[in-house]
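Chain lettering (A, B, C and D) follows the sequence in which the chains are written, and residue indices restart at 1 in each chain.
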Amino acid sequence: MAEFLSLKEAVSRHINDGDTVAMEGFTHLIPFAAGHEIIRQEKRDLTLIRMTPDLVYDQMIGAGCAKKLIFSWGGNPGVGSLHRLRDAVERGWPNQLEILEHSHAAMACAYEAGAAGLPLAVLRGYIGSDLPKVNDQIKFIECPFTGEKLAAVPSVRPDVSVIHAQRADRKGNVLVEGIIGIQKEAVLAAKRSIVTVEEVVDDLGASVNACVLPSWAITAIAEAPKGAKPSYALGYYDRDNAFYKEWDGIARDRDAFQAWLNENVFENGGA
Amino acid sequence: MAEFLSLKEAVSRHINDGDTVAMEGFTHLIPFAAGHEIIRQEKRDLTLIRMTPDLVYDQMIGAGCAKKLIFSWGGNPGVGSLHRLRDAVERGWPNQLEILEHSHAAMACAYEAGAAGLPLAVLRGYIGSDLPKVNDQIKFIECPFTGEKLAAVPSVRPDVSVIHAQRADRKGNVLVEGIIGIQKEAVLAAKRSIVTVEEVVDDLGASVNACVLPSWAITAIAEAPKGAKPSYALGYYDRDNAFYKEWDGIARDRDAFQAWLNENVFENGGA
Amino acid sequence: MSLEFTSSEMMSVTAARALNNDMTCFVGIGLPSEAANLARLTHAPDVTLIYESGTLQTKPEVLPLSIGDGELCESALTTVSVPEMFRYWLQGGKVSVGFLGTAQIDRYANINTTLIGDYREPKVRLPGGGGAPEIGTNAHEVFITVKHSKRTFVKDVDFITTVGFGRDGKARDNVPNIGRGPTVVITDLCILKPDPETKELVVTSLHPGVTREQVIEATGWEIRFADQVDTTPEPSAKELEVLRDLKARTNAHHAGQQ
Amino acid sequence: MSLEFTSSEMMSVTAARALNNDMTCFVGIGLPSEAANLARLTHAPDVTLIYESGTLQTKPEVLPLSIGDGELCESALTTVSVPEMFRYWLQGGKVSVGFLGTAQIDRYANINTTLIGDYREPKVRLPGGGGAPEIGTNAHEVFITVKHSKRTFVKDVDFITTVGFGRDGKARDNVPNIGRGPTVVITDLCILKPDPETKELVVTSLHPGVTREQVIEATGWEIRFADQVDTTPEPSAKELEVLRDLKARTNAHHAGQQ
């Protein structure tokens, strides 16, 4: 059964230095509050997995939490680069960041395979692409029925997955609604999981085939209202597109970034 | 875009003698009306695919429509045998029926792989079972990352899939709700598809992550109220468990079966 | 004062007691479903029941006749697709107990629900594997409940639909990512468990009033008894009442449908 | 009387016209999204737009800034998981057109969104592949829209993120289950299509007022022109009005958020 914890306690207890951590949310429901708590607790040497690193990983990388990033699209959507990510990869600031790069299709399949308990995902992918030349985790297998050559990638099986969701009921069952991305897969693929939620309610109000994660499939739940800001939570608040644009200026400059981090993360205590 | 047709027209136009046909619905939403129309039109030599053949295939097999059955559990749920299926397999009445037998997990994965456009499904399955000895479509592959031996089965790619759903809107988008089984996979895996629905409505009333099949992913839609009886349609009518029990008596005897067929299918014209 | 109960009731109550609140149970139809719901309605109100139709954490009021009755969906926390059920929930390792019935079982707890006789010329054709082959290997452990008879308890099953410990008791040795397999078999006469070394099923507990001779007589191989054979505790009045209510409700419900 | 329009508007309108009502289009963010929604709001009201965030058949009022804006979900027929999107809908063959932008494109329509320079020592690191590598091969065909410049139109891309026709034009030959690849490239200067034989991109239509020299100047290889080069039809007043409204609505919306 999921345990209700403060965000501070959940991060402190379940995320260790050196862990492989997947924080998911495809544009929607990005677990920013959890990311900031990880920064505050100065977790180090994390291998971060995420299809679209987004600002949350730009911030964590800039704060020095990560040693490796596994991803498939590393930009500020509709705006441009993730400058902290680039600074770490290109100039080793604040520390060198190793990257392992996939396509979305491969990562989506790898999460799916992880949730399905399989060691690999098989897809019709990477044909003609140079990505297999720079990612030794991409292999090819032959279909025993048709002889077709198909791509294979290792499944994603993080130590910890962190997602944000709209709400939990008092037993710890969680509803994710709207753009559900790969949140369910991320949680089911991981050894441990932390789910932050907008609110805890008596009744999820879920429709019959809704995306509901049962309490017994989750390790810890922390209430974190507005926990996805500046991304959004359908039914709660909109995406702060203006901040996404503003971030470009903040993140371009190391000092501006550190000032932002101090003011908005370190001195803004969290839960 | 899906074409709205009468059930008679849909079956006549899209199901041919010799086709591979998947009629799905996991206990819920079994397309009985379509099965009866196939019997009335005396389709022959069909390869029938279905995880749980149920009464609908017992009737179609007894009526002589099938030459082969691919399945994973062939019983009258909670009651006993499918006597028409057994009579065809064991005594060749009304014609010999070839069978190819899987487990549920393998067939579910095979439909999933078919929907995903892959030639094979990979699963951790069939370990220690004798099924691979009697089904030459079950092979084993080695994971290139871990060396683990995993089962592989060919994906399901029917010529035609037939499902029953609660409702379609006037553009031909379809809502399936409740026990959704593998209906979505069956439709997406098939070259052509027929969807029978309880009713056609202005607005599906679907929640944001509901199981909705877009019109352009469906070939034909036919209105068939009560089209899943004696199985059930959540929100419309209950499972006729009494008939499922009664069927045992009808199907045990060739004459009783034929009398039932004449009275309830051939002389009961359909749409 | 002793209560009156049938051997079937004894079996269901004993099977129910194998489950507890912390378990996530993938439930087979028939006897396992009866036992699992009895557990939920008595000592294990929070046991999580999953049926292969995709119904997660379901709490039916009456026993389903089929694996996909509407009751299961309407009382579930959520309902997922069948591929998701087998891939994410079963194969993904989220099921602690697979609860199965069977037509035949042998001394190594292999179970056969495919056929009696030869595959190409069966004497009796049974429904087939369904979910069992992968429940048997992907669930962390497996409970089996079945009526005890010589026809059912055979030395070697005619066909291994779902592996227990194989033809030699070693089928799970050195296989990666496989569950522990059958850990208990509950019949109307007794409780059997695999020997920790050989994996052969041995009787560990006799139901009240049942003799060793009755078990020997109903078993198709030279059945062994554990060094210490317990007497299975009787059903309580409460358990019997809940079980009888459940069955009466179920019968009325299924008969009452048009 | 001729209308006033910018070369960007010319590009968007031309790209929009490549779509029709019968198409199911997997839409990339940015220029493709602008063109696809313009098509939907003008001549192709029934075109089906899919974004990789899982939104099927979406009809946003304003252009999304990201691939997963709430607008996309709220106006969609339904929203599925990202694995389902890539497995069932894209790989499953349900997408007739993949509509992509790019940072670099070469004469064989290979596209690069990974980096400029060497992979280990990049001059410029770009966001990466995202959905494009499999959109490029699993969609039945691919449309590309991108601004024309020597920096973008290079002889050989530094890195093939998403294959067009490979380094030699033959990458799709004899590959089973692969789409036709890029069938048209629409820029702010012209329309290019792959030569049916060699697969090299050739100019088939110049936008009004654009000269061959301008295209030659803006292309990093010796660009060829088709035997017959058309003049692209001008945008209509209606198209320009709808496009300008859409962009104004979009800007107001994204700026107006706190």
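The working rule: a residue touches a chain if its C-beta (ideal position, glycine included) is under 8 Å from a C-beta of that chain, and two chains touch if they have at least 3 such contacts.
Source: prediction; values computed, not measured.
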Length of the shortest touching-chain route, subunit A through to subunit D: 1
Joint neighbours of subunit D and subunit B, given as chain labels: A
Of A-C and B-C, whichever chain pair has more C-beta contact pairs: B-C
Centroid spacing, where centroids are CA-atom means, of subunit A and subunit B in whole angstrom: 39
Chain centre separation (subunit B, subunit C; CA means) in Å: 28
Separation of subunit C from subunit D, taking each centre as the mean of its C-alpha atoms, in whole Å: 57
Residues of subunit D engaged with two or more neighbouring chains: 73-74, 79-80, 87, 91, 138, 177
Multi-partner residues of subunit A (each touching 2 or more other chains): 112, 117-118, 123-124, 146, 148, 178, 180, 184-185, 208-211, 234
Interchain contacts, given as pairs of chains that touch: A-B, A-C, A-D, B-C, B-D
Of all residues in subunit A, those that touch subunit C in their complex: 112, 115-118, 173, 184-185, 188-189, 206, 208-212, 214, 216-217
Subunit B contact footprint on subunit A (complex, rising order): 117-120, 122-124, 137, 139, 141, 143-146, 148, 150, 152, 154, 177-178, 180, 207-211, 234
Complex interface listing, subunit C residues touching subunit A: 24, 48, 56-57, 73-74, 77-80, 87-88, 91-94, 138, 177
Contact footprint of subunit D on subunit A as seen in their complex: 26-28, 51-52, 71-75, 77-79, 81-82, 86, 89-90, 101-106, 108-109, 111-112, 123-131, 134, 146, 148, 178-182, 184-185, 211, 232, 234, 238-242, 244-245
Residues of subunit D touching subunit A in the complex: 29-30, 52-55, 64-70, 72-74, 79-83, 85-87, 90-91, 110, 114, 119, 122, 125-134, 136-138, 159-163, 166, 171-172, 175-178, 253-255, 257-258
